[in-house]
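Multiple structures are listed underneath, in structure tokens.
Below are two complexes that have chain A in common, paired first with chain B and then with chain C.
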Partner chain A sequence: MGYPHPIHPKETPLLSQHFGELDARSYEGWTRRGGYQALRQAVGMTPEAIVDEVKASGLRGRGGAGFPTGMKWGFMPKDDGKPHYLCCNADESEPGTFKDREIMRWTPHALIEGCAIACLGIRAETCYIFVRGEYTEPGRILERAIAEAYAAGALGDNVFGSGKRIEMVVHWGAGAYICGEETALMNAIEGKRGNPRIKPPFPAVSGLFGMPTTINNVETLAAVPPIITRGGAWYAGLTLGSPKSTGTKLISVCGHVQRPGTYEITLGLPMRELIFECCGGMREGRTLKAVIPGGSSVPIMNAAEVEECVTDYEGIAAKGSLLGSGGMIVMDDSTDMVLQICRLARFYAHESCAQCTNCREGTAWTTRILERILRGEGKRADLDLLLDLAENMTGKTICVLSDSCAAPVVSGIAKFRDEFEAYLSGARAPLAVGA
Partner chain B sequence: MADAQVTLTVDGMDVTVPRGTMLIDAARQAGVVVPHYCYHPGLPSPAVCRMCLVQVEKMPKLVPACVTAAADGQVVHVHSPEAKQARKGVLEFLLINHPLDCPICDQAGECELQDFVFQEGQAGTRYGDYPKRFNPVEDFGPDILYVPNRCILCTRCVRFMEDVAEAPVLNVSERGDRAYIGIDPDHRLDHPWSGNVVDLCPVGSLVSKDFLHKARAWDLDKTASVCPGCTQGCNVTIEARDEVVVRLRPRTNPEVNRWFMCDAGRADYRWMNRGDRCEAPLAIGDGRPVAHDWDDALTTFASLVGESDGPAVVLFGRRASSETIGWMLRLLDGRRTTAAIQVPEGPEAPLAAVPNLALRRERSPNLHGARLLGADADWDAAIAALGGAALALVVDADLSDAEAAAMSGAARVVHLATVADPRLTTAALVLPVTTMAEEQGVYVNRDGRAQRYLPARTPPGMARPGWWVAASAWQRLGADRTVPATASEALGALPAFAGLDHDALGWHGRVLATAAAGGTR
Partner chain C sequence: MSHDTAPAGPVFTPARKAELEALAAKYPTRQALLLPALWMAQREHGWVRPEAIDEIAAELDLTPAYVRGVVTFYTMYHTHPVGRHFIQVCTTSPCGMCGAGDVVAALLEHTGCGELGATSPDGRFTVIETECLGACGFVTPMLIDDDFLESVTPDTVPELLARYP
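So, the complex of A and B:
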């Protein structure tokens, strides 16, 4: 549902069905809504059967990269004699994204159940849920739910009497965006500075504490229980667009729409229906200017691109952007694109872990150039300089934070160059920003 | 094991390397240096500087050469336009906050930022008029200053302390372009091996207080040597400016000290520059010393040895060369001789992650050589033997007052000195000898590895190597005797080193067959 709004007919409430129902937070309330049936079923399944069901569903990672979940689980070694780990990435810090928060605060047991099933699928006995430091409310709700699940025998040494063991630990982040990067997240759990690691080795080979590890996003894991109960084939049938984009996706819409909120759509819904029907369209008297469809790291789309865009992995990629995390930022014609892009760049400059030269220096330099353009001190060559820096920041670093800073700059200049030039020529009044 | 080797092409050259070799090392083998900052062969590679990005055909992106394993059939382009452009980009990023205070920076001339900026042709930045990042200089430890403005955050220092010294007192503090190297507020950078971070620092960000503003890198004369500090025998370079030694730095030897040396060894050079040296042979006549030329002095020395009928004692200072020890004992051949080398002791300080590397308890570089050559008496026993000795030779030893007083027990005393000792009132002759910094010689370390060192400065006045003094006196005591022309000949003439010459030792030394069985103390 488009929490906090009523369910819109164009939505497909699967994960969000019980958002807003206080009672659904409790173990008892969750079982009354059909919860833990999937886990009871999964304890009787082989790991292979669980992975096959998820593979059949076509479920793809909901954290941003969209990697097929079943395939990722399939990378985990078999009979290697090592402990395996599951890490649930609940470090939702991508600007514009607030879908995992809703799952954790309204249906924490859906996440716990999904984590437990994933543990069975990848032969892990321990799951770490890495919760964003600022998510105190959702995190505490989750902690209470985990305690309830232990008390009810859904977690612990003997899950539902099956003899299988699943431990679940909430690890609190300390508020660093970079810890949402999967390898940085593992470093943080290990008690190290949250710096991304070089890949290879990939986590399935050497992850948390050097052991085979799978990292999945909250929404991905929460989607697993219905796949087990209703079958992968059923989930794979949920699509309005590309057969490669199956199931439902929570889209957290913010910005200049009438009804910002977390909407759950079947993948393939036209973006204009999401924005203009589900969200009620633009504010009174305003027109759409731009959309960042998948969290701040993805390229910006202009109104014309949005008009024809289908909301799924392939549809948005065809328009040169990415579905990403599903954090949609909608901007109307009152938006100063240069200011918005500068604001994003400043975020990345602040959050860069400082490992890679290109990112550490590039994000800060990019921010300074954008600030000087806004102050009316920009030079004509600055746009080319920005694009050149973006080139030096793309595909050159350990993780993609640097690329994420470059993406809105490159797409912003390509699509809204006139606004940059208005600052450069003095046609637009300078702003007092930056140092 | 055909599988153990892979063959790849680097900039058009075929190179075969063991499987698992990283591209940066494979390229080096092909004669191509891939510019790098965070990579160091002695440290784990974090691949963070992004300087060593190279192009590998069929790979979608540039890859860091320091963490990408070489594979069969790979075609690597270090100097493709794309790779060069990426490196120039990184250099531009590094330069935006670098102060370019090269004229007052100790690292200038041996700075990897200077070198690669020059090599890659990225002279400046488009940064413009912004103020550069500023952080004040920090006092990290007894000998180390951190100049954060010059720091390029390669993290070699952090990794050395964490992974090699295993005393993790440094970290990267803060994030983004505010980042700097931080130190644990409850600790100082005073680990016995911490000085290595100064060498590891590719720029002038970690500098030695001792060396601060003493010399420009290009004014230094560098001499391959061996640390005279302990039985480990770390390979070092003695660096002198205008005949004044200003620092010792480790010289890479994979078998002995890898890339490292300890702080005690590093600091142990001031004695090389002493100004109060013995410069001429002195004979005591009429109760006061009279200067002689070498010819007279050696004749006197030979006759003192020749006429002394009875037991002899030789006291070698801790830094005596194998050549000096060997020839001094040959001079006394046929006599009952008690010879000992002085071995001060101190606490052992290992470098945690490197096997068989430590500042050793025995603070003499040639204890093992002395034993091989027969100077194997206990020091205290040798002092005790002075009473009733017909002849005592003191070869640049540091004597305590009691030991100096005990010298009067010997009938004849000859002092081969670097510095005169007024307490040795019974010495009939004082002969000026060189220090190890002024001569060529060989030390044998605790593992029986013979390693040569070369003269780093000119000896003062008439000072000559100890072996030459001994051999010259020996020549005067018999017919058909010739003095070796070089230290190498002097070594080869000794039975313990039979046939070995200095060149055969190479730059990394050689473990002696005779010594290997002797093991370590």
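So, the complex of A and C:
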């Protein structure tokens, strides 16, 4: 549902149908809604059968990368004698993204159940849920739900009497966007600075504490229980567009729409219907100018591209952007694109872990150049300089934070060049920003 | 919670020590307790004091320099005292383009902080801008201490602040 709004007819509420129901937070309330049937079923399944069901569903990672979940689980070794770990990435910090928060605060048991099933599938006995430090309310609700699940025998040494063991621990972050990067997150759990690691080795070989590890996003894991109870084939049938984009996706829409909120769509819904029907369109008297469809790290789309875009992995890629996390930032015709791109660059400069030169220097200089353009002190060569910097920030660092800073700059200059030039020529009044 | 620089008691009182050891059973290394231990220190003293860094280092068999390196990486750990109530307001793009700047201005005025990062003369508040709080549909979100507040406007600021004496 488009929490905090009622369900819109164009939505497919699967994960979100109980958002807003206080009673769904409790173990009792959740079991009354059919909760924990999937885990009871999964304890009787082999790990292979669980992984096969998820593979059949076509479920892809909902955190941003869109990697097939079943395939990721299938990378975990068998009979290696080492402890395996599951990490749940609840470090939701991508600007525009606020969907995992609603899962944790309204249906924490859906996440716990999904994590437990994933543990069975990858042969892990311990799951660490890494919650960003700022998510005080969702994190506490989740901790209470975990305690309830232990008390009910859904977690612990003997899950539902099966003899299988699953431990679940909330590990609190302490403020660092970069910890949403999977290897940085593992370092944070290990008690280190949250610097991303060079890959390979990939987590399935050497992840948390050097052991085989799977890391999945909150929404990905919460989607697993219905896949177990209703079958992978059923889930794979949920699509309106590409057969490679299956299931439902939570899209958190923010910015200049009438009804910002977390909407759940069947993948393939036209973006125009999401924005203009579900979200009620633009604020009164305004028109659509731009959309950043998948969290701030993806290329900006203009109104014409939005008009024809299908909301799934392939559809948005065909328009030159990415579905990413499903954090959709909608901008109307009042938006100063140069100012907004500059603000995003400042975000990345602040959040760079600074271990790679191209990122540390690139994000900082991108911000300073954009600020001087806004102050009316830009030079004509600055746009080429920004693009040159962006080139040196793309594909050249350990993680993709640097690429993420470059994406809005490159797409912004390509699609809204006249606004940059208006500051350079003095046609637009300078702003007092930066140092 | 005290927030000053006067000498303070240890982080690891017997109760805290027990809490730490209970957590230790959930991790294969002691170093993994570092972020939780730093949170305990901040809850105890209001900020992460240099003495707390020494104490944590000793508990976890790490060097104080190493612990300090970790503390300074994470923005939520305070390395200096802050006001009795710590306010983090989101100004990242989605909030910024929907009016977060006006909320910041109202906060600076009504707390008496005057500028970001400063503590009000009465020691009651510190206000900082923070990057994306993950509540972009509820502009403007902010944290006062551990309380997550949504849809704050300049008009609601005085009433919200009054709840934090």
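In this text, the second predicted complex is superposed on the first by the 435 of 435 C-alpha atoms of A that agree within 3 Å, B and C clash if a C-alpha of one lies under 4 Å from a C-alpha of the other, contacts with A are read in each partner's own complex, and residues count from 1 in each chain.
Here is the rule we go by: a residue touches a chain if its C-beta (ideal position, glycine included) is under 8 Å from a C-beta of that chain, and two chains touch if they have at least 3 such contacts.
All values derive from a computational prediction rather than experimental measurement.
Greater residue coverage of chain A by touch, when chain B is weighed against chain C, goes to C.
Shared-chain residue A:Leu385: touches chain B; no touch with chain C.
In the superposition on chain A, A:Gly173 makes contact with chain C only, while chain B stays out of contact range. When both complexes are overlaid on chain A, the residue A:Leu155 reaches neither chain B nor chain C. Look at A:Arg193: by the touch rule set out above, it reaches both chain B and chain C.
Once chain A of one complex is fitted onto chain A of the other, the partner contacts of A:Ile398 are limited to chain B, with no touch recorded for chain C. In the superposed pair of complexes, A:Ala38 makes contact with neither chain B nor chain C. In the superposition on chain A, contact of A:Trp365 is made with chain B only, not with chain C. After overlaying the two complexes on the shared chain, residue contacts for A:His350 are found with chain B and with chain C alike.
Common to the chain B and chain C interfaces on chain A are residues 176, 193, 350-351, 353. Residue ranges on chain C touching chain A, taken from their complex, read 26-29, 31-36, 38-39, 60, 62, 69-70, 73-77, 88, 91-94, 96-98, 130-139, 143, 146-148. Residues 83, 92-98, 100-101, 126, 132-137, 167, 169, 171-177, 188-194, 209, 252-256, 260-262, 296, 327, 329, 331, 335, 340, 343-344, 347, 350-351, 353 of chain A touch chain C in their complex.
Listed in rising order, the residues of chain A touching chain B in the complex are 176, 178, 193, 198, 349-358, 360-365, 368, 381, 385, 391-392, 395-398.
By the touch criterion stated above, chain B contacts chain A in their complex at residues 46-51, 53, 61-62, 64, 67, 86, 89-90, 92-94, 96-97, 126-127, 130, 152-153, 171-172, 174-179.
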